[in-house]
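So that you can tell them apart, the chains are marked A, B and C in the order they are listed, and the count of residues begins at 1 in each.
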Amino acid sequence: MRRKGFENAVELVILASAMTAIAGLFLIFIFIGKEALPVFFSPEIRDEAGLSKLFLAQAGPHPFSWQPVSLVPKYSVLTLFAGTLKATLVAIIFAAPLALGAALFTAEFAPDWLKEIIKPVIEILAGIPSIVLGFFALMVMATFVQDAFGTLYRLNALVAGIALGIAVIPVIYTVAEDALSGVPYSYKEASIALGATRWQTASRIVFPAALPGILAACILGFGRCIGETMIVLMASGNAPLMTWILDSPIRTVSATVAAELGEVVVGSGHYHVLFFLGTLLFVFTFAINLFAHWFVKRLQKKILGIT
Amino acid sequence: MKEKTVDIKNLSVKSASRLILKNISLKARRGALLAVIGPAGSGKTTLLKAANRMIEFEDGLESSGEINLNEKSIYGMDLSELRRKIGIVFSVPTPLPLTIYENLAFGPKLHGSVNREVLADKIERRLKAGYLWDEVKDRLAEPASNLSGGQQQRLCLARTLMLEPEILLLDEPTSGLDPVSTAKIEAALTEIKKDMAIIFVTNNVKQASRFSDETAFLLLGELIEYGTTHNIFTAPANKKTEDYITGRFG
Amino acid sequence: MIGRIFITLTGLASLIIVLFVLVILANIAHHGLGTLSWEFISSAPAHGMTAGGIFPAIFGTILLVLLMTIAVIPLGVMTAVYLSEYAPKRSALVSLIRLAIQNLAGVPSIVFGLFGLGFFIQFAGVGLDKFFFNSQIVFGQPAIIWAALTLALLTLPTVVVSTEEAIRIIPDSHREVAYSLGATRLQVVREIIIPQAIGGILTGGILAVSRGAGEVAPILFTGAAYFLPALPTKLNDQFMELGYHVYVMATQSPDVEATKPILYGTVLVLLLLTFSLNFTAIWIRSRIRKKMRALR
């Protein structure tokens, strides 16, 4: 009888622990969101940093300026969005072909001994903390890029984008490689039996069959780039400029939060806008993750039948 | 010694798609070895697993009817106690990934702390009862997976006996085993039956006629015939029984 | 023929990636090895961070991940055990928990930093201060415990996934045998599941530690500091940390050239720490898998 009671208590504890993940996500949303609410609802904060100030063009010579620490604080988040987008685009354009190419190579063409080298190396890359990559970008890559391309600024979106790309290669590679190796052998068998070359089988049968996973890989990589902080903090020059020029410094959403939250006054407009940005980051990456997984399931059903 | 019986009355088990057992009633008592025979898919394994409530691990099975252990319903008992009293040996040897000694000690340790000397003594007695002692007495610290299939199955039998159950259920325990192990297990059971009731499922009709006292013939979930082994095998009442025993279908 | 060209291109892509990794590691090793010495690891910074060692940062990092581990391993293991042993087969709760784990893994690390600030420090910490310390500021400020708990939430998915992977390998027959001998569910977990999943638990824990030691964004405002006169000894102390040290020194130090050797040395130490942890995890994983195969 006593044992039964003890068992029930333990089961409760285990159930409570299992709820931590759900509770965690929930609490994250609530506690970050609640500090963002004044941007919507508090009259004083709205005056200084309401939605119109964040998203619409302001009067003056610089309509989309992010300058929270100044006589007249300016909070155009569009500049930050532009910065994030710029760095992410550079990163994906750089990383996706490399990662997907490598994934295709190790899944379809590489001999076993070569696979045993490439895969672990990419795993090693995955284990390198982003602070280290950011450091490398700051100390070495920036100089290299400036010498090679003659850019005006040493730290800019290009450097940050490439470093970001290096960081996100393992993510794209792993998911894409999983998808490619998961294509049933029977598909390849049929193609080979019809006399197709290795490349033909890979490009016309395997790759399309793995497309849901490959797309998911890119989407997940995109999501990772959006949220990445340290690399951008160190390598992007941290100046909130909004321009199409590739080699100008930028400020991303995540870097802004990281750089400015340390010195902000609790309860000020700046403070709430930073939390607002954080909420946006959370919601956006959450949505991307949900979408990527739902999307993969949906497409997988269509292409491979119910797995 | 007190009477050890398991009494199954009107047991029916159904899944979402079909009726697995239809209204089965039979009784097993200490001193008599009951063999349950019948072709594959007749519900023999389900019958055994109903007796120690192991079918509750499978989704979607509903059972009705009574099963009484020593006149008390098994549904009212503590599950842990029930399974100590009704032991089971499965058709495939299932040693735990532990040493031979630890395999045997596993059951007693679950039910309370045990004195090491008492345990060692019990292990020796049970291994002897399972006709395995001579082959493993110097190897108790080895992994159980080092043993052959037949030895592993005798180990599983000894492991279950460590709990001194009142009823022993065996699900085709010698299928796929070599003749020596089979003979040893049959000899062990013949000796053990004086201490407990044994229900023994087998696909091998000859084995049933060899050493069981009572036989029940199950066909597609129905209890076709049930009586002493002598009667069933010399003068079966039902035509289907006769056909099965003589091998006209299987 | 064209096929050959494309195949070569994909091989080239792999080569480029490998080269990148080698260049990065070589660069750090080259510039950092010169700084590495027993003194570097065991003494404190001096001369405004341009000389001396980084022992406080190493100490802080280790203490941080130790606290994190104490929180994350029980939570992660119990979550995995719940999902595989206790939860009813097709319940909505199970899908929800799995979804939450998956999404938790995708949350940006800076968001965790915000959470640490907004929940742990400003809610839990301030709350603790109100109830136990008469509203003095004891826990309502950046502290190593809050940083550790924030990291624990961040690395929770790692531990859960690794443990579940190990539990999944356990054949059902082992559970069946235990139950048939009269084991209760808790006994099955304690005697069968945990012992057989210990490899996955260890691997998950080590990978979590490796991740926790490398993340900087979550600890930016939850307790990391650049220069502290003393080592952290209480749960509400601030702490120096390897990654954070690199960040501040690289971006805010007035004399980059003078601090370059220390920077590279610190980065090298961080990398060595992370790598040795990862390799240990992988090694344990393969050792346990071999053992499992032997005993099966």
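Here are a few things to note about the model shown:
Basically, contacts are C-beta pairs under 8 Å (C-beta built on N, C-alpha and C of every residue); 3 or more make two chains touch, one makes a residue touch a chain.
Keep in mind that what you see is a predicted model, and the values were worked out from it rather than measured.
With respect to chain A, maximal separation of chain centres occurs for B (centres as means of Cα atoms). Distance from each chain's C-alpha mean to the overall C-alpha mean is smallest for C.
If you average the CA atoms of chain B and of chain C, the two centres end up 50 Å from each other. Separating the CA-averaged centres of chain A and chain B is a span of 58 Å. Rounded to whole angstrom, the centroid-to-centroid distance between chain A and chain C, based on C-alpha atoms, equals 19 Å. Multi-chain contact residues of chain C (touching two or more other chains): 184. Note for the complex: chain B touches chain C at residues 52, 54, 57, 59, 79-84, 87-88, 90, 92, 94, 96-98, 106-107, 109-111, 143, 145, 156, 159-160, 163.
Across the complex, chain B is touched by residues 89, 173-174, 176-184, 187, 191-192, 196, 292, 294-296 of chain C.
Remark: chain A residues 3, 7, 10-11, 13-15, 17-22, 24-25, 27-28, 31-32, 34-35, 97-102, 104-106, 109-110, 117-118, 121-125, 127-136, 138-140, 166, 169, 173, 197-200, 203, 220, 223-224, 226-230, 233-234, 254, 257-258, 261-262, 274-275, 278, 281-282, 285-286, 288-290, 293 touch chain C in the complex.
Touching chain A in their complex are the following residues of chain C: 2-4, 6-7, 9-14, 16-18, 20-22, 24-25, 27-28, 74-75, 78-79, 81-83, 86-87, 96-97, 100-104, 106-115, 117-119, 123, 153, 156-157, 160, 184-186, 210, 213-217, 220-221, 243, 246-247, 250-251, 260, 263, 267, 270-271, 274-275, 278.
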